[in-house]
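There are structures below to look over.
In the two complexes below, chain A is the common chain; its partner is chain B in one and chain C in the other.
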Partner chain A sequence: MSRRLLAALIAGAAAAVGCFVWSSWPPPSRYAPIEISFAVVGLSYMVAGIAAWQRWPASRLGLLFSIVGYLYLVPYILINLHNPVAFTIGYLTETPLYFAALAHLGLAWPSGRLRSRFECGVVIADYAQLVVFSVAGTLFWNPAFSGCNARCPANVLLIGDGSRPAWNTLGTIGEYVGLVISGIVLTLIVLHWRSARGWSRRAMVPLLWIAPAVAAETVLTGGLGGLFNFSDLVRYALLPLVLLAGPAVFVISTVRARTAGGALGTAIVDLEPGASPTRLREALARALGDSTLQLAFRQPDGAGYLDTSGQAVEVVRPDPGRAVVPVAGSDGAVLVYDEGLRLEPQLVKLTAAAASMALEHSRLQAEVQAQLEQVRASRARIVEAGDAERRRLERDLHDGAQQRLVTLSLALGMARDRAAGADPELGLLIESAGKEAREALTELRELARGIHPAVLTETGLAGAVQALAERSPVATTITAVPDGRFPAAIEATAYFVVSEALANVAKHARAGGAQVTIQSRPGRLVVEVSDDGAGGARAERGSGLRGLADRVASAGGVLRVDSPPGCGTRLEADIPCP
Partner chain B sequence: MSVTPDPVTAGAAARAQVRLRVVIAEDTVLLREGLRRVLTDAGLDVAGTAGDADQLLQLVEALRPDVVLADIRMPPTQTTEGLQAALEIRRRWPGTAVIVLSQHVETEHLFELLATDPRGIGYVLKERVADIAQFTGAIRRVAAGESVIDPEVVSRLVARPRRDSPLQTLTERELAVLALMAEGRSNQAIAGQLHMSPKTVETHVGSLFAKLGLLPAAEDHRRVLAVLTYLRR
Partner chain C sequence: MQPAAAILIVDDHDGFRAFARGMLEAAGFTVAEAATGAEATEAARTVRPGLVLLDIQLPDTDGFEVARRLAAAPAGDPAPVVVLTSTREARDYGGRIAASPAAGFLPKDQLSGAALRRFLARDES
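Let's look at the complex of A and B:
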């Protein structure tokens, strides 16, 4: 809104209230509450008008609020001017016209536009009937009928001395016509509420609550108020305060929009990382207060857009009552929202930005996840390749060097037997050569076993772990080990855990005994090695435990080390196992 | 400890003038031929040699030898073909004695073998072939229905550290007797080797069985299994 218009509106409101106070000053103490009430109600609509204009420059709501405010206050100013013309115009417009403006406002809520020609007709008819009945009534109204004698200025439109019955009759007919129109307006508002969805429906709710109250107020302060025995104070000072509900609806809608802005931020922060588009849509819809919000994605084959529930969404020409905003930075994602939100472009922008951020986050998350997956897979492959290489090495040693040494030993044995009789010295020499060969064999056997335990490949974990326990320098018992076979990588990892753990026990733990438990649980293999030694083992300190943790991690598992000083060490590897 | 020819069975075989018929399964040609030669020189009848497990089974079926000598690892997978063939032979021709040659000290294969029937079973480290006299002695013992367990395997089991085990209460003598029993020796052979009277050996056996809570076993082959199983626990 331009500054000049804003200034004009503020000046207008100030002038109106100023005039109101000046024209009725000093107020007779009886009327003071009534006049304060009038001033407050009129001013509240003027202020709401300025604020609404400010907030929704393109909408007529600001104008409508202002009109209600002026129509409410100006007649009283005119009446109090003690000028016959002003007095007559004031009387003409006194009660009724702001009714029509209120009905107009109610029907135009929340967009500021009337929804149909019919509704335009209803509003025009309302204004028209009020003008007609009030002009007609004024023709017959002698101010004396209303109890103001010489103090009142003259009614310049009065025909003759007026006619009380004609004035009364016209007034009553006007009341009833007004009643019918109020009913129509209320019905229309209920229909608006029922047909609205999402944001618009939420916007209609407060109006739905206050509309009957305001309608009742207009009826009760009008002629029908006479049916009840209200005191003037109630009828003219307290009841009009109900009208404050109008600006209140505006305040509620403003607060709601502000809250939604904050809630969007919170929703995005609270959204779990990598949340699905469905979750994102739910979070945004909840924060925004538009349950109809759709998050739709362009289909790769150009087959239009699908929302998160798999529904096709028309994006180029959205359905009536729907509007579309693209989500920046995303590959063809759009938000489809309730058209009522067009009034809150900031909110729409904020929602789109939040969606964009979350989608981008998810995309990055997925990318990192994919990279992590790749790194995991390549790590597992590296370990497996290492294992395979060790198996190959062990086999080469076995088939090559070990066999040759055995053959050599056999040949030396034969040579020794031959030489023993003929040349004892040679026999001894050959004997010592044979001994060397046997020692070489023993060393080679241990070397080969260290490179890769053949018994693991040949018989599986049970045999291999049994062998580890048998050769452990610390008394080791096996409480459980599954007999079945597992994938080679998993067997190798489990074996490595037991082997390293027992080596650590022997080296560092100063333990009297160790215990190995391997259990096959659904989807995983749990390897546990515990001892009763010194404890205090830490993964950071020894590269052994670190290497073990790496090895377990390469199989996608977790290594837990529980080693309080003085209380032994418990090592548990949890290895996923299909 | 060393494998020495059992004087009793060796003597018996010699007296009976029986030439044991042996089939050798070993995929390394040099070693196979070397073995054929030393065994023949030692007075055994090498009836046939095989380079893999299938060939071995065919030979055994055709020749029905007294003893089969099989390398555990053979083609095509170089894992436990020899062991599987040995089990198959024991199943199909229960009277055939089998010695498997291993390059591991692990007990897993040994127990797989013993689980069927320890009589006439041998589990020997491959390098033992270098001591020809001991090795042929082992073949004769197995042929005579004894069990022959490689001393290195047994000594590892005996030397295993243990906590709160009755084994710790055994005397050195008793431990030596226990180890020889685990190798498949008869009381008489143990007596010879440890330079004791058979009576003393029996006393030791009785006392160590009581200490370990094992039921005294009359037959040597049952005794082997009981002792080995105890040691492996």
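Let's look at the complex of A and C:
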């Protein structure tokens, strides 16, 4: 809203209320509450007009609120001017016109525009009947009928001395016609409410508070007022205050709507990382106050758009009552929202920006996740390739050097036997050469076993762990180990956990005994090695545990080390196993 | 002295086969050779050795499988004494050696005519 319009609206409201107070000053003491009540109600609609203009510049709601405010106060100003013409015009417009404007406001809610020709007709008929009956009644109204004797200016439209029956009859007919039209207006408002969805429905909530209040006020101060025998104070000072409900509810809803931008931020912050488009849609819909919000994505084959529930969405020519905004930076994502939200272009823009950020975030996260998966897979492949290479090396040693050393050692044995009789010295020499060859063979076997345990390839985990336990210098019990075979990478990982753990027990733990338990559980293999030694082992100390944790992680598993000082060490590797 | 039994050496390593043949023939045995599991079962049928010196690591199958096939020879045909061998140690094979129908395991570097005779003698007793 421009500053000039704002200044004009504020000046107009101040002038209207100022004139009202000036024209009725000094009020007779019994009228004072009534004057204050009128001033407050009139001013409240003008303030609501300013709020509506601020909130929805594109809507005519602000104009209608302002019109109601002026139509409410101006007649009283005119009446109080004590000028016959102004008095007559004031009397003509006193009650009825602001009421027609209220009906107009209700039917045009929230865009300020009437929805159909029929509704235009209803509003025009409402204004017209009020003017017609008012003018007609005024022709027969002698101010004296209202107990307004010499104090009042003359009714310039009065015919003769007037006619109380004609004035009364016209007034009654006017009231009935007004009731019928009010009924139609209320019915139409209910129909609007029922057909509204999403944001538009929420935007109608203030109206649902206003309409019954206005209806109640009309009924009580109008024809039915007589039934209740209200005092003038109640009837003219307190009941009109019911009309305050309209501006009050609207202003409150405006203040709450101002927090929608903040709600948007909260909604995005609250979204967990990598939230699905469905969750994103829900969060945006909540923040926007439009339950019908759809987040739709262009199909890769170009065959239209699908929303998060898989429904086809018409984006090029949206359905009636729907509007579309593209989500910037996304690959063909759009938001389809309740058309009523056109009144809140800033909020829609913010929502699209929030959606764009969230989708971008999800995309980046998916990218990082994919890269992480690639890194994980390549790490596992590297470890597996390393294992395969070690197996090959062990096999090569076995087939090559070990084989030759065996033959050599056998040949030396035979040579020694033959030489022993003829040349004992040569025999001793060959004997010592044979001993060297056998030691070389033993060392080579140990080397090969360190590179890759043949027993693991040959017999699987059970045999290999048994062999480890037998070789361990610390007494080692195997409480459980599954007999079956597992994928080579998993067997190798489990084997190295036990091997490294037992080596650590021997080197650092000063333990009396160790225990190995391997259990096959659904989807995983759990390897546990515990000892009764000194404890205090920590994976981050750069020990073999760090490398072991890496090794377990390469198989997608987790290594847990529980090693309180003085209470032994418990190592548990939890390895996923298909 | 009893006539020396025929020995079937099953090993894909030519050098070892040649050497073992020399050693065992010198010790008085008749020797036949096979380089693969398939050749071994065929030779066992034709040669009918008293003892098969069976390398565990073979190119087409492994010694355990060949030992099973030899043990499952038709009834009435006395199955040969099967001695598994390897450049590796027995413990590298865990419980597999004990579980196989072979008479025992002899590390290759301890091969001698005397060692094989002990297996044969154990079988006769």
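As a working rule, the second predicted complex is superposed on the first by the 571 of 578 C-alpha atoms of A that agree within 3 Å, B and C clash if a C-alpha of one lies under 4 Å from a C-alpha of the other, contacts with A are read in each partner's own complex, and residues count from 1 in each chain.
Note that a contact is a pair of C-beta atoms (placed from the backbone, for glycine too) under 8 Å apart; a residue touches a chain by one contact, two chains touch by 3 or more.
On a predicted model such as this, the values are computed, not experimentally measured, just so you know.
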So, on chain A, is it clash or fit between chain B and chain C?
clash
Once the structures are superposed on A, label A:R438 by its partner contacts, choosing first (chain B), second (chain C), both or neither.
both
Residues of chain A touched, compared between chain B and chain C (which is higher):
B
Can A:G413 be said to touch chain B (first), chain C (second), both, or neither?
both
Looking at A:G512 after the superposition, I want to know if it touches chain B, chain C, both of them or none. Which is it: first, second, both, neither?
first
Is A:S356 touching anything from chain B or chain C once the two structures are fitted on A? First, second, both or neither.
neither
Chain B versus chain C as contact partner of A:R449, first or second or both or neither:
both
Per the contact definition in the header, classify A:S472: touching chain B only (first), chain C only (second), both, or neither.
first
If both complexes are laid over each other on chain A, which piece of chain B (43-51, 169-177 or 205-213) hits chain C?
43-51
Hey, what residues of chain A end up touching chain B and chain C alike?
398-399, 402-403, 405-407, 409-411, 413-414, 438, 441, 445, 449, 453-455, 458-459, 462-464, 466-467, 470
Partner chain B, residues of chain A touching it in the complex
395, 398-399, 402-403, 405-407, 409-414, 417, 434, 437-438, 441-442, 445, 448-449, 453-455, 457-459, 462-464, 466-467, 470-476, 512-513
In the complex, chain B residues that touch chain A
28, 30-31, 34-35, 37-38, 41, 73, 78-80, 103-109, 112, 126-127, 129-133, 156-157, 160-163, 232
Provide the residue numbers of chain A that touch chain C in the complex, in ascending order.
398-399, 402-407, 409-411, 413-414, 438, 441, 445, 449, 453-455, 458-459, 462-464, 466-467, 470
For chain C, which residues are in contact with chain A within the complex?
13, 15-16, 19-20, 23, 26, 57, 87-89, 91-96, 108-109, 111-112
